[in-house]
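Each of the next two complexes has chain A plus one more chain, namely chain B in the first and chain C in the second.
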Partner chain A sequence: MEEEMHTDAKIRAETGTGSSPRGPGCSLRHFACEQNLLSRPDGSASFLQGDTSVLAGVYGPAEVKVSKEIFNKATLEVILRPKIGLPGVAEKSRERLIRNTCEAVVLGTLHPRTSITVVLQVVSDAGSLLACCLNAACMALVDAGVPMRALFCGVTCALDSDGTLMLDPTSKQEKEARAVLTFALDSVERKLLMSSTKGLYSDAELQQCLAAAQAASQHVFRFYRESLQRRYSKS
Partner chain B sequence: MAEAASVAAESLAGSRARAARTVLGQVVLPGEELLLPEQEDAEGPGGAVERPLSLNAGARSRVRVVCGPGLRRCGDRLLVTKCGRLRHKEPGSGSGGGVYWVDSQQKRYVPVKGDHVIGIVTAKSGDIFKVDVGGSEPASLSYLSFEGATKRNRPNVQVGDLIYGQFVVANKDMEPEMVCIDSCGRANGMGVIGQDGLLFKVTLGLIRKLLAPDCEIIQEVGKLYPLEIVFGMNGRIWVKAKTIQQTLILANILEACEHMTSDQRKQIFSRLAES
Partner chain C sequence: MNLCLQRLDGRQTYDYRNIRISFGTDYGCCIVELGKTRVLGQVSCELVSPKLNRATEGILFFNLELSQMAAPAFEPGRQSDLLVKLNRLLERCLRNSKCIDTESLCVVAGEKVWQIRVDLHLLNHDGNIIDAASIAAIVALCHFRRPDVSVQGDEVTLYTPEERDPVPLSIHHMPICVSFAFFQQGTYLLVDPNEREECVMDGLLVIAMNKHREICTIQSSGGIMLLKDQVLRCSKIAGVKVAEITELILKALENDQKVRKEGGKFGFAESIANQRITAFKMEKAPIDTSDVEEKAEEIIAEAEPPSEVVSTPVLWTPGTAQIGEGVENSWGDLEDSEKEDDEGGGDEAIILDSIKMDTGVEVSDIGSQDAPIILSDSEEEEMIILEPDKNPKKIRTQTTSAKQEKAPSKKPVKRRKKKRAAN
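Let's turn to the complex of A and B:
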């Protein structure tokens, strides 16, 4: 009897603004999102991008240990569990990036001396994992009713050896790419909240990727809006 | 004329502040900005209109609008902080622009002053009880906050008891405090909840729906069996009927009410009434 809302959307994003003349049109993979699927957490969401799937649960605002409490805002914790094996340094570093993004957006001052915990479980990894984690975390925070000043989304770009820009790369494309850049953008003015990059790229290419990510984020936010509208239309 | 005021006030792509009136009943997302009625007239078509300073302060109509849950004051606009449907309530009488709030679905309770809640006593330390209300901190309840309680005549409250009380202090900076008497010193239904019965948890939205003035669900449930029921605004419901089976049926109906349409509900009630 869980309220399930499955929204599928096939999204295509074309980068027409100043992209490489040799590059083909880029597209984001098929999105799907489901909210309120777990009974224990205060908010939960599952986000699918192509074959990459992440499940997120949010607990909060809840009790916090005295050693971790902050007197004037909420303590945000992010826990990322990989699909197999124990969490390692890569997970820790991703947790930190996601936490910094969430802290910029969540209104922690409304709940001082409490803790908001986001738990992410990787269900399958087929490229663009960090972006999918960001999207799942955002949907779960909205589902839990945590006050936020904006929504955020993650978009991944990959640059291959001849400078072609690919949005939302698969794991194969990521391995062969010369650089992989992940951006977190907010919904109000498409400002950059977080960027994590790996590889070799020039300044102009960075700006190009950022512009492409900002254009693609519009589609992600439209998908968020549609899926939330569908959820509330059932009640 | 005035409706032209819903023209976008911002030129940034994708971010427009919309008039609150035009968005009523629609789903709003965190990050959206809403214009209040008085701003609409100021920011009409034409953007930067120069308004002469007026010596008569009363010439500008000032409407006092209350910003409810899910909304924050951001400059002279309302910023939406939670996802849900935007609602508005006209002021009952006199001045004021009414209340705007966002109807969102949530499971976690945040203590609010004046709310009646069901709590579970978790500890007894000296003269106060620590009561778990489902929020981020346990609330404190003094033993003198019961009807007819004095220093010699202490109330009979044990760890694990259910308490129905209201918050007198509940803000983000202080530990919540609750009492089981009203302002006149009478219990008014509050206090320790009796033996037996079943406590279960539902979402906050369902509680608000059930406590709305003409809720059909409660009327229909009342016709089925004689029962005792207590609703806590923190998402907890306590039910007690004559037999355990009836109690469990009631608990299942109330939990399922959230996802059923009214037709499905009527079907279930008629089936139960027959058996």
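Let's turn to the complex of A and C:
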């Protein structure tokens, strides 16, 4: 399949009406990102992967409550809100995963006794939600100007019953998969920052998924770089 | 009387900011932007039992949330006044005006009705939340499609979206809120105040109206005293504004409907403006994963084998087990206390397990009073065993070198000294 890049014409993309089959050569869905779309937060980004869309807003470094302050670094807080209903345990657990990833890259020691709050709102969920949240959080942190030692990205892999690897699965593929693995990788050496998995897989499959995620992360980081280059192209 | 005012953003007194409505890929999902104020709305449905006093009506549930990203002041627990006010106003506007036909939501009278839930999330606060929220709510309700249901006698069939096209809700009219901000005791009024204007306004008048010029809700807050003709004038202005907004909504819904029918692309991805410098898109990118298997094998081959895990659980009593040894006890010595109780019969110590444990501090639960646990003596310290009758729950142990279990006995136990278990 030829990869065509049209920036203004109508482009083939994955829409909600069923997923087009992605063959054994896996592929990432259509990505889109818009930064600085909200006027109140210090930084904001909307990240779309296919039909999955997450909006992230960052406030910080800002004043922190005395009960939460840490004397030598910034207090990072992540809040994830689902679209329907009240946030539950799944959201809390994802918040913690994202917070741990952000804490690993954000240079908190440059802003002691401050708070950096990342608020994520799920706008639509069509598979690979945690990876999309991570990507949105990273772009929002960049937009806010929070100092980081590296960028990070999230990639989701799914293994189906015959062991075929799929990257960036849709919700239908995730439901039918035997295992779904999400990795957060950093941009400097593509090292693993966080991994969250669900399902059965062997250690060989884990390493294969990780290697595939590392290959995919190159594209994501290229996307970040091009979008930031575009943004600062006129300054 | 209104003189010629200059607003901060250049609008005239009666001007609304730009309203932009975009739809997502699921039915019932929309984002409404009123200037910079942004609200996300999502409608969902569920089959539930009806309320007891309304057995033939469906249930409507509205929930507006002020997301923490909307304004730095919105922290959980600190926004309750505003939140309650907005939610109540929204409910009055949409529920009490009977804009949704709840009778049509009934499936089986008294047993199953549809519960329609409208979740609104404020994403950015630049003033006039109520207008944006009411537009988002009504747009989402008009856009939503619920699964089709057919009832044949006693049988109820719920069709999935693939089997039968989902059905829109039955909506009688579209009430939309219009806000008026008053300044200087009613001297000046502004339509659609933005955040700065809201901070300095004296009071707010909200009129919810539909395009047939029927007032659904009216609320005046802030303690301003308005004259009758001021209120009448506002309602006339509201009528004009609502007509414009309703037209905009219908056009947006029609466009979305057309795009979906023609098989074009829809969803939020399409509403990201291509020409904005802060927006960027990338097409589907194939990833070459042909070498992952080799890489994986290399990594596994080079990795050390996983360390042997020796797990020898120790069963203290039924219900209490121990894996691992814990860390050195950092408490001081327990004071010795002489016990001069009668000695019971021979207390036998049963050594459950001959593992030598170097250190351990455990607080073990005595589940049953019949089997008090004795954790054995340490090499250095004396072990004081409290009477099971008096302290039925916990025994704090000191460093242990081996474990012994006492035979079931309720008699108080004498202090033991320097007993070592055989290895």
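As a working rule, the second predicted complex is superposed on the first by the 212 of 235 C-alpha atoms of A that agree within 3 Å, B and C clash if a C-alpha of one lies under 4 Å from a C-alpha of the other, contacts with A are read in each partner's own complex, and residues count from 1 in each chain.
The working rule: contacts are C-beta pairs under 8 Å (C-beta built on N, C-alpha and C of every residue); 3 or more make two chains touch, one makes a residue touch a chain.
Because the structure is a prediction, the values reported are computed rather than measured.
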Which superposed partner A:57 touches (first chain B, second chain C, both, neither): second
Partner touching more residues of chain A, whether chain B or chain C: C
Which of chain B and chain C A:31 touches, first, second, both or neither: second
Partner chain in contact with A:145 - chain B first, chain C second, else both or neither: first
First (chain B), second (chain C), both or neither touched by A:186: first
First, second, both or neither for A:67, with chain B first and chain C second: neither
Which superposed partner A:227 touches (first chain B, second chain C, both, neither): second
Chain B versus chain C as contact partner of A:121, first or second or both or neither: second
Shared chain A surface residues [contacts with chain B and with chain C]: 1, 3, 36, 62, 233
Chain C residues within the chain A interface of the complex: 24-26, 29, 31, 36, 38, 40, 42, 44, 65, 67-72, 117, 119, 121, 123-126, 263-269, 272, 274, 276-293, 295-297, 299-300
Chain A - residues contacting chain C, complex: 1, 3-8, 10-17, 25-41, 44, 46, 48, 51, 53, 55-57, 59, 62, 79, 81, 83-85, 117, 119, 121, 123-124, 126, 165, 167, 203-212, 215-216, 219, 223, 226-227, 230-231, 233-234
Contacting residues of chain A [partner chain B, same complex]: 1, 3, 36, 42-43, 60-64, 107, 110-115, 142, 144-145, 147-151, 186-190, 218, 221, 224-225, 228-229, 232-233, 235
Complex interface listing, chain B residues touching chain A: 12-15, 27, 29-31, 70, 72, 79, 81-85, 104-108, 110, 135-137, 172-173, 205, 255-256, 258-259
